[in-house]
Amino acid sequence: MPWTKLAVDSASKRFLDSKKNLCGRVLSYREALREAHYQALKRDARVFIMGQGVDDPAGVFGSTLGLHQEFCARVFDTPIAENGLTGFAVGAALAGMRPILVHMRMDFLLLTFDQIINHASKLCYMSGGRIHVPLVIRAIIGRGWGSAAQHSQALQALFMHIPGIKVVLPASAYDAKGLLLSSIADDNPVIFIEHRWLYDIQDSVPANEYLVPIGKGLIKRGGKDITVVAISLMVNEALIAATKLKQNGIEAEVIDLRSLRPLDQEIIVNSVKKTGRLIIADLGWRTAGAAQIILGNIHHKIRRYLKAGVEIVALPDTPTPSSAYLEKIFYPGAADIIRAAKRIYVRTKH
Amino acid sequence: MPWTKLAVDSASKRFLDSKKNLCGRVLSYREALREAHYQALKRDARVFIMGQGVDDPAGVFGSTLGLHQEFCARVFDTPIAENGLTGFAVGAALAGMRPILVHMRMDFLLLTFDQIINHASKLCYMSGGRIHVPLVIRAIIGRGWGSAAQHSQALQALFMHIPGIKVVLPASAYDAKGLLLSSIADDNPVIFIEHRWLYDIQDSVPANEYLVPIGKGLIKRGGKDITVVAISLMVNEALIAATKLKQNGIEAEVIDLRSLRPLDQEIIVNSVKKTGRLIIADLGWRTAGAAQIILGNIHHKIRRYLKAGVEIVALPDTPTPSSAYLEKIFYPGAADIIRAAKRIYVRTKH
Amino acid sequence: MIERIRAVALTQIYVMMLRIRLFEERLVYLYPAQEIKTPVHLSIGQEAIAAGVCQNLTKSDYVFTNHRCHGHCLAKGMSMSAMMAELYGKNTGCCKGKGGSMHLSDPQLGILATSAIVGANLPIAVGAALSLKLRERKNISVVFFGDGAVDQGVFFESLNFAALKKLPVLFVCENNFYATNSLQKARQPLDNIFKRAEIFGIKGWRCAGNDAQEVYDLAKRLIQKLRANSSGPHLLECRTYRWKAHVGPDCDFQSGCRPKPELDAWISNCPIKKLEIFLIKTGLLTQDKIRKIRQRINREIMRAEFLAKKSRFPSAGELTTDVYWKE
Amino acid sequence: MIERIRAVALTQIYVMMLRIRLFEERLVYLYPAQEIKTPVHLSIGQEAIAAGVCQNLTKSDYVFTNHRCHGHCLAKGMSMSAMMAELYGKNTGCCKGKGGSMHLSDPQLGILATSAIVGANLPIAVGAALSLKLRERKNISVVFFGDGAVDQGVFFESLNFAALKKLPVLFVCENNFYATNSLQKARQPLDNIFKRAEIFGIKGWRCAGNDAQEVYDLAKRLIQKLRANSSGPHLLECRTYRWKAHVGPDCDFQSGCRPKPELDAWISNCPIKKLEIFLIKTGLLTQDKIRKIRQRINREIMRAEFLAKKSRFPSAGELTTDVYWKE
């Protein structure tokens, strides 16, 4: 099997010192994705990429740019028929391929829930483990410039509920490459969620192929006072907030979950044991969103260590407005995390 | 407007004494649903019912039986095209009708998430409040007899996340009628979730039309020791468990939430203030299910009153197996609620 | 001599096409200032379809459009001010700034809702027609969609149901041969959109989408049929071309999205120019009249722009209202 | 005289039809004991399609079926024991008791996965064919579906893509004129399923689904074409009828689901009887041979039943395994 030889990067500690450029090689998130695709196509003839625009001059915001030139039979454009496409991908996966299906906006996945949830996630179980669906579905979250309600949704919470699938959300270029390779190597359906605003962000990315483990969070910044659990773009906001909090003498520990299913409960619990304070920062709506779910999920394990109620930073429960002014107040960021931290501190002082 | 004259039943207390047959008229859940449909069709010419089998000899397990005979233009069968159907219903609702769309299994709703989430739930907001979507989507949860993974899902958790929709789940014939009428009268899209196993259960149901408020839970049984929050079929299990717990000297308060969005936080919080102990019993998968969500949602309000960690009774994180033997261990019931209560008591003794 | 009613109609269509063109050209001009913060999908080059079809509609008819909706909404009667303010994200916009360019809506004008999910407006339009039928109205429901929407299964579900229930729907496909950067032939084995209705017993029609007269005449005939009896829907494929990039104010051939000669050929087949020549030839228009029409339109645009700019953003409280109807 | 290969094929088809019929009739007998706790969708009356089509397939060809899958799976080579045990929910079942009647699966036999979501197997079958093409195999992918699946948009998405990419798919529609209790004409304006492929440039075929020879011959021709070159998919509509209720062992006309005379007419057009008469006439079968065949099949069924009954239920631990592949 082409994938068994790849080394899993378990040296998470590397990241604690993220300022040091460990391999002397810097790529943007988009370039890291493209490189992972390229290497996967090269390594394994079963891998193919399909989706609207994967072979066009924009190449899905650059993430698949030009790949069709070398792998023309395995990188191809498709009709706009997301439900069918997902079925084609499931069928191809059942029949020995390792498809990567690309959606420019996560919102379009809503057309494909039958194939993802009734099929991809269940076929292994329904067959008594005789078949499997090695499938990667890339979903890009849009934001800003009046994308409005149908082109900006961050729907990761919905997938957290579904047995049989995995949900990953890299927040750095390093993880984008390593998690994409892991997702392709994985024998189960993986929802691979990218945030459009991460595409230009650079990181040290080794040229070789490497796997970042699915289901393992990462301490991006150590701290003893308060734990900030974040995903995707919110990891960056959390890091900014941590820097500011430090000026107030608060040492925040920032955890990038990287996967939502499976969820790395341990990394959160261990941190909360130390800090006794927890903020969860999500990209989606507050009610029934990833943050509330995580809280409900680990509540029994952290309850006794908490010095104050958990704070959630998430979107207000409303569709995305178009107006730039409303967008600005709609999206939470570092300032909201700081405010949340202060609320916790106020409460723990009493 | 035909609906403004109807009285809202706010005398929830009525239910505390549910053994007393208050109106001398007993209907099954299925008959109560049918009566609500009938009265809505009669009251309001804008109401219509569509879905597979609504006018056939089985009449959706009896819930629409024979209605087409009196209202033949407004009760009709459809092609098997759930996504399109949902769009037809949205369009009809926009253009002045009040459609009721019926799905024999909740699993089929997965084909319609684009129309529900990208459209029905957002159009009011996207239009700046100029239009609205008075739409009821009935979804029946199946169970047992090897229904297996694609015909038994209880997906209510997914809808809890979506701004713009309401989610109701009547657990009694009385509420089935009153909540269905409220849902039809509501100007927003409502996901109306029924459990197939409730259909034969009888209750006292008045002949007149009445509205049960959406978003208000109900104390089905008072108790001072432990709070059991349940939905749909699990309410019955909770009541059975409560009877048994009483034999052990534990007085459980059983709350039927009746709606999941909006969520009646107050009724839960008030009960937990009194009992300090909480069990949440759901029909869906544990991870990211309604129970975990509810816990994440109210955590900050109940934290300080809890004497022990919250217990969740839910499905294991696996697709539904077909084998009758596996089904039996798959589905939790009163016994699991009792065990959960005992776990809580063990913990609070120390 | 051309008959009077027709003369009036054609002149109105001309004016409408010009309104759409000049409005969108103004967007091209304004966009770089980055005050219009919403993705604009311009219909420059495709105006004849919106104008030609909507000339046959009344206020109580429904129109459902898609991401490329400016032209259809203007043609259905939306004011430039309401539209421009919406693009600027202002509270005087037709959706109070909450919808933006892709979700223009005005129920008073029969523009109930606009979706940017490709194909999703089709069943919604059919549902509105179902309402018309159940309420026994003589109005019709028109849905505009691209060649891309034809890829979606829901296109067929919509045709099937509309045919089955004999609903008054006019399906208008604006086939501009591209969906974003994908050629029609990279997505569909045959170039036969209009024929796809026939398997449902619906007659399909095809016309030159850049010939306003052809669009108008054919749409008129079909709409008259739809109003007259309940014989079911029609499908009209209009062949056209967009001059600008899929989204945004620029052109896209430089980036290799499509061949320049193809674009040039279509630009020389301008729908406005074509009707203008005809109207001048038949004496219905003169250069002088055209100048005055343009002036009037430009004033209208300036007014819309002025109002949009000076309007306020929605208040912060607006963020969370309208999630539910009349909460 | 009938040629030898054909004679063998027809005899095998006859035996296969009989296996399906007797197996399902045994289910009818066993069901009231309530040990088979899974909804059974019987294909009694429709056997010629499964047997006639699959006679042309090898183990490495794929078959995708739906809720009504017993016949297709037997015809594709599944053992009665594996199937019966699955219906009894036992760990010797083809899915270890986890799938049940509607999700039979055996990847070794090319039965990769069986879905009970109407229409959902269509794109999956197309995807498997895409895999065949990318891997340059000469095998094909066959998908069986009902007239109900034709209502779904994904039917068209699947045809479109298969035609576009010239994939080796045989679409086999078993048109039994009902989807649960809905008549085809209550769901589709025209009775023309086979024609629906033509808009994608796919030739559509229709045949008498109760005539095993017609099914076999036509399927053979189409499958040979599919194997020979990559000219794209075919659609075959087989007209047939189910004798039993949509689900369960009983008949449903008593409850008013359909007219008794309609049912009677189809029962007298029994596919097995029809081929039997032909085979007897041509001397390929005798009453004596038939008796022996039946005996053999009945023994096979008894063995399957015996094994299923004596097998164990899956252990409790099995509940949570196989959620992920090789965890």
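Here the chain labels run A, B, C and D in written order, and each chain numbers its own residues starting at 1.
Note that a residue touches a chain if its C-beta (ideal position, glycine included) is under 8 Å from a C-beta of that chain, and two chains touch if they have at least 3 such contacts.
The structure presented is a predicted model; accordingly, all values stated were derived computationally and were not measured.
Asks: Tally the contacting C-beta pairs at the A-C interface and at the A-D interface, and name the larger one.
Replies: Pair with the higher count of C-beta contacts: A-D.
Asks: Farthest chain from chain C, going by the mean of C-alpha atoms per chain?
Replies: For chain C, the chain whose C-alpha mean is farthest off is D.
Asks: Centroid of chain A to centroid of chain C, CA atoms only: how many Å?
Replies: Those two chain centres are 38 Å apart.
Asks: I'd like to verify one number: the distance from the centre of chain B to the centre of chain C, where each centre is the average of its C-alpha atoms, in whole angstrom.
Replies: Whole-Å distance between the two chain centres: 41.
Asks: With chain centres defined as C-alpha means, what is the inter-centre distance between chain C and chain D in Å?
Replies: The mean C-alpha positions of chain C and chain D differ by 46 Å.
Asks: Quick check on chain D: which residues sit in contact with 2+ other chains?
Replies: 93, 95, 97-99, 103, 115, 117, 151-154, 157, 160, 164, 187-188, 323
Asks: Where does chain A touch two or more other chains at once, residue-wise?
Replies: 78-79, 81, 83-84, 107, 111, 114, 118, 125-126, 148-150, 163-164, 317-319, 321
Asks: Which residues of chain C touch chain B in the complex?
Replies: Where chain C meets chain B, its residues are 62, 64, 93-99, 103, 105-107, 112-113, 115, 117, 120, 122-132, 134-135, 141, 153-154, 157-158, 160-161, 164, 321-326.
Asks: Quick one: which bits of chain A touch chain D in the complex? Just the residue numbers, please.
Replies: Per the touch definition, chain A meets chain D at residues 48, 73-74, 78-79, 81, 83-97, 99, 114-115, 118-119, 123-132, 134, 163-164, 166, 187-188.
Asks: Within the complex, which stretch of chain D touches chain B?
Replies: Chain D residues touching chain B: 37-39, 86, 89-90, 93, 95, 97-103, 115-119, 148-149, 151-153, 179-182, 186-188, 255-257, 313-314, 316, 318-320, 323.
Asks: Where on chain B does chain D make contact in their complex?
Replies: Spelled out, the residues of chain B in touch with chain D are 52-53, 56-58, 77-81, 83-84, 107-108, 111, 145-151, 316-319, 321-326, 329-330.
Asks: Note which residues of chain D are touching chain C in the complex, please.
Replies: Against chain C, the touching part of chain D is residues 151-157, 160, 163-164, 187-190, 192, 195-196, 198-201, 232.
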